Amino acid sequence: MKKLIDAVDDVVLDALRGMAAAHPSLRVDLDQRIIVRADAPRTGKVGLISGGGSGHEPLHGGFVGYGMLDAACPGEVFTSPVPDQILAATTAVSGGAGVVHIVKNYTGDVLNFQMAAELADDEDIEVIPVVIDDDVAVQDSTFTAGRRGTGATVFVEKIAGALAEADGAVADVAAVATEVNERSRSFGVALTACTVPAAGRPTFELGEDEIELGIGIHGEPGRERTKLRTATEIVDFSLSAINDDMPLSGSDVLVMVNGMGGTPLMELYGAYAAADKWLTGHGATVSRRLVGNYVTSLDMAGCMISVCRLTPRLAELWDAPVETPGLRWGR
Amino acid sequence: MKKLIDAVDDVVLDALRGMAAAHPSLRVDLDQRIIVRADAPRTGKVGLISGGGSGHEPLHGGFVGYGMLDAACPGEVFTSPVPDQILAATTAVSGGAGVVHIVKNYTGDVLNFQMAAELADDEDIEVIPVVIDDDVAVQDSTFTAGRRGTGATVFVEKIAGALAEADGAVADVAAVATEVNERSRSFGVALTACTVPAAGRPTFELGEDEIELGIGIHGEPGRERTKLRTATEIVDFSLSAINDDMPLSGSDVLVMVNGMGGTPLMELYGAYAAADKWLTGHGATVSRRLVGNYVTSLDMAGCMISVCRLTPRLAELWDAPVETPGLRWGR
Amino acid sequence: MDVRQWIVRFSELVTADASRLTRLDSDIGDGDHGTNLDRGLRAAVAALDSDLPPGKVLMTAGRTLVSKTGGASGPLYGTALRRAGKAFGDATEVDAAGLGAALRAALEGIKELGKAEEGDKTMVDALTPAVAAYEGAAGEGLAAATRAALDGAEKGAEATVALQARKGRASYLGPRSVGHLDPGAASTVLLFRALADVAGRS
Amino acid sequence: MDVRQWIVRFSELVTADASRLTRLDSDIGDGDHGTNLDRGLRAAVAALDSDLPPGKVLMTAGRTLVSKTGGASGPLYGTALRRAGKAFGDATEVDAAGLGAALRAALEGIKELGKAEEGDKTMVDALTPAVAAYEGAAGEGLAAATRAALDGAEKGAEATVALQARKGRASYLGPRSVGHLDPGAASTVLLFRALADVAGRS
């Protein structure tokens, strides 16, 4: 394993040190391991926080700032944060108007956020959790832990963040987050596994001509291993899986062609070309898009496609100004 | 070789298709292979264009837009564009006030841009070329082709773009580009080689515990192969090389910790922490920075550090609004 | 029996086996189970005060696991130890019956929090037969009962290989989760090995 | 001799050897020389009109190489062919003296544009002895002279292995460029092999 790191045990802390030094608009607490907007808390503003394992950068820390998250709590690599940390973030952003927790649907994340919410309740902070579960590769049934939270998290954080910035009430911010989650779906494909620093070897072995369909964002293998396919075939397969679950025809959509960390932007643009063509050919109107690395899985090669069926109100909130290290426009 | 592509011969064209579909603010000519601001040419505005081999995305196409480039001409992967293409870009952005060519110092780029400038001259378009040669890994002597143009290209394109946007005269835009180049230095380190699609195998072989010091951005090996070092050691080595060439103490600096394409953002932030510490410890003041993938080398793992010694005027031009797919603030 | 030694021994065994646990988690999860538990247990051991009664020791260990581990296993093992601690109440000695009640409480705590049933391919599959075996042998004293529990945990864990996961990350794999040992069940075996080691000493 | 056949044959040889040229360029450059030249020459062949006089054929081929190849080799080979074409002027036949003047012009064009001298480890190192050998044997006729030129190119190319590069990308490697054959010198050998093949036929 070759990584640009000092020591496997310090990767998260060192990254936080870098965030602290690079972004004066953020307040990074290295002991608590939280990244907070420098101007938080703002009295009367709903606090919006998220968190999860590290290794998905820029998610979540890179989305802290004006018009998006108020704080992020990064856990160890691919490991959910702990309750104390989530509580510290919750307290730091609480402006008296309640706090919304954006939680990706993984057992560890859900349990740790749940425990943090109980602790926050003890301190009389109202917390509403919104669980993101957009990954159509997983069956949502009583026989699984439910769908995973993946790419749509970016959509939710941006749109809910815009409403919170515009002084939306806590119930409304949670409601719009839920609405975005319900209107969004994702599907991911890996060309290579990733290597967790502490593990030191790839999370799975894949042949030179094999890919994994339906992967998550934690280096876990997907639903199915198959022979290498072209970018267009991969994109079409992904969008078909999404469309089967949530028909897109007639919709105005926001689409993200997201790199998993190790795939060059040049290839992501090629994939975007295929996605745009597929969507247009299937009756959807693509009005907004992101192409790049937004929800990564360390150095994994591959891509994840996320689609959100917009409403005029969601489109407006998406377009609202945002100023974070990872997403910025309008200011 | 596993890549998210359709066919090795079409990667550049497919990426351009994606750029065209994703960015309505750009006009992409698939035949000429140029990416142009939709609002170009603007009468009386100096045109600013750049180009070079593909595989360095977001450079250069991702830096076309308000406050930066007017057009980019991407060649094949790691291959300079051809004169006709550069001429087409030059003509497309010529608003009668002259055009500045930002050329990275490689024999191929220099020769092709030179031929294009001669063709432009035939059409009575004044062209001033500015050659970027910021890479301290290469000796600038009569025994080499001179220093390579690498990371500082982003600094030059942003700052010269700001002046051009503010209606600077062609000689002034070229002069500020030259000034930024002279005040900037870069040094890069590779943890892995990259794979050019058409070649189908890594450009060089590196052992599990080896790295290359002083690499360029074309997958070529560096000056020296050495054992794996920590991120802090790599950063310190890089900054020492820069500092030896251009003393930084007492300067207000803009620094970029640039990923080569395959290194996770989390690691780049860790490297940034080390860079910030080194610079501060050596008497420099870091007032501005970029952390991320800006000048890449396909899927290569590693990083390149670029430093520019700012003046108040350069800082102001850096801070001016920019709106491109790859760099955006202020609007 | 000194429950502090139980946690210390559990931590030692997890440290020794961390890379195996992580490898098991790579196969059907996200490759962090050994690292997680090792980090959490080291912190728990550091937080333990030797002069506390058994109930307090376990509650402290549980709280620390929750605070320091992260992932699914942190809250689950943490809650288990806290519940076990609560079950001891103010008791100053650990006897076979008291430990039995504590283990039962731990199991119930995990099931309540994680909503997993036997057969879902989780730590519950090792814990359930372990607790049952303990209860069956409790009359024969601590050493024998904890040995039976270890035996139950091992058999239960082994049986997860054939199962398809229905909880936790492995469930995302669907049928591909079959044929792999559940990492949480594997670490539960270490929990009971530690217990048998420590109970056997006294 | 039909210069159009020369370009066609050069293109065939480059296509057959493209991956070797690219591999050589990977070692001390950026791994695109074979791809570049193959793309450029295919375009040049497609642009050729069979009814043109030799000078025009070479000028067209040169212009197309410049337009379609990219990289350093595109402008260099393109300029070489254009200069060679110019040297032929309006001649309708290719004789040994005419070809000699054209080759000399090609070499000068490359040196002027690229500013490389012999010993810099570039295509100039293959071209220079090739042209010299041609000139030495020009009196013996086209077939013999082009065979001598090929021989010179091969020897010159081989000699680049021991050199340290001072021009082009390989110069960035400093001493590490020693021990590798220069890719441009290798493709220049193919240029002269194509010439010998075609001149030998007629």
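Residue numbering begins at 1 within each chain, and the chains themselves are lettered A, B, C and D in the order written.
The definition used in the following text is that a contact is a pair of C-beta atoms (placed from the backbone, for glycine too) under 8 Å apart; a residue touches a chain by one contact, two chains touch by 3 or more.
Just so it is clear, the model here is predicted, and its values are computed rather than measured.
**Q** Going by the touch criterion stated earlier, list every chain that contacts chain A and also contacts chain D.
**A** Intersection of chain A and chain D contact lists gives B.
**Q** If you take the mean of the Cα atoms for each chain, which one ends up farthest from chain A?
**A** D
**Q** From the mean C-alpha coordinate of chain A to that of chain C, what's the distance rounded to whole Å?
**A** The computed centroid separation for chain A versus chain C comes out at 32 Å.
**Q** Between chain B and chain C, what distance separates the C-alpha centroids? Give it in angstrom.
**A** 54
**Q** How far is the middle of chain A from the middle of chain B, if each middle is the mean of its Cα atoms, in Å?
**A** Measuring from centre to centre gives 29 Å for this pair.
**Q** Where in chain A do residues touch two or more other chains at once?
**A** Counting only residues that touch two or more other chains, chain A contributes 77.
**Q** Please set out, as single numbers or ranges, the residues of chain C touching at least two other chains.
**A** None at all.
**Q** Does the chain-touch network form a line, ring, star, complete graph or other?
**A** line
**Q** All pairs of touching chains?
**A** The set of touching chain pairs is A-B, A-C, B-D.
**Q** Touching chain B in the complex: which residues of chain D?
**A** The contact residues of chain D facing chain B are 19, 22-23, 26-32, 35-36, 39, 66-76, 113-114, 166-169, 171-174, 176.
**Q** In their complex, what parts of chain B are in touch with chain D?
**A** Chain B reaches chain D through residues 53, 75-84, 106-108, 111-112, 115, 137-139, 142-145, 148, 196, 198-199, 201, 203-204, 216, 218-221, 223-224.
**Q** Provide the residue numbers of chain B that touch chain A in the complex, in ascending order.
**A** 1-7, 11-12, 14-22, 54-55, 57-58, 62, 77, 191-192, 208-209, 211, 228, 230-232, 234, 257, 261-274, 276-277, 286, 289, 291, 293, 296, 298-299, 301-303, 323, 325, 328-331
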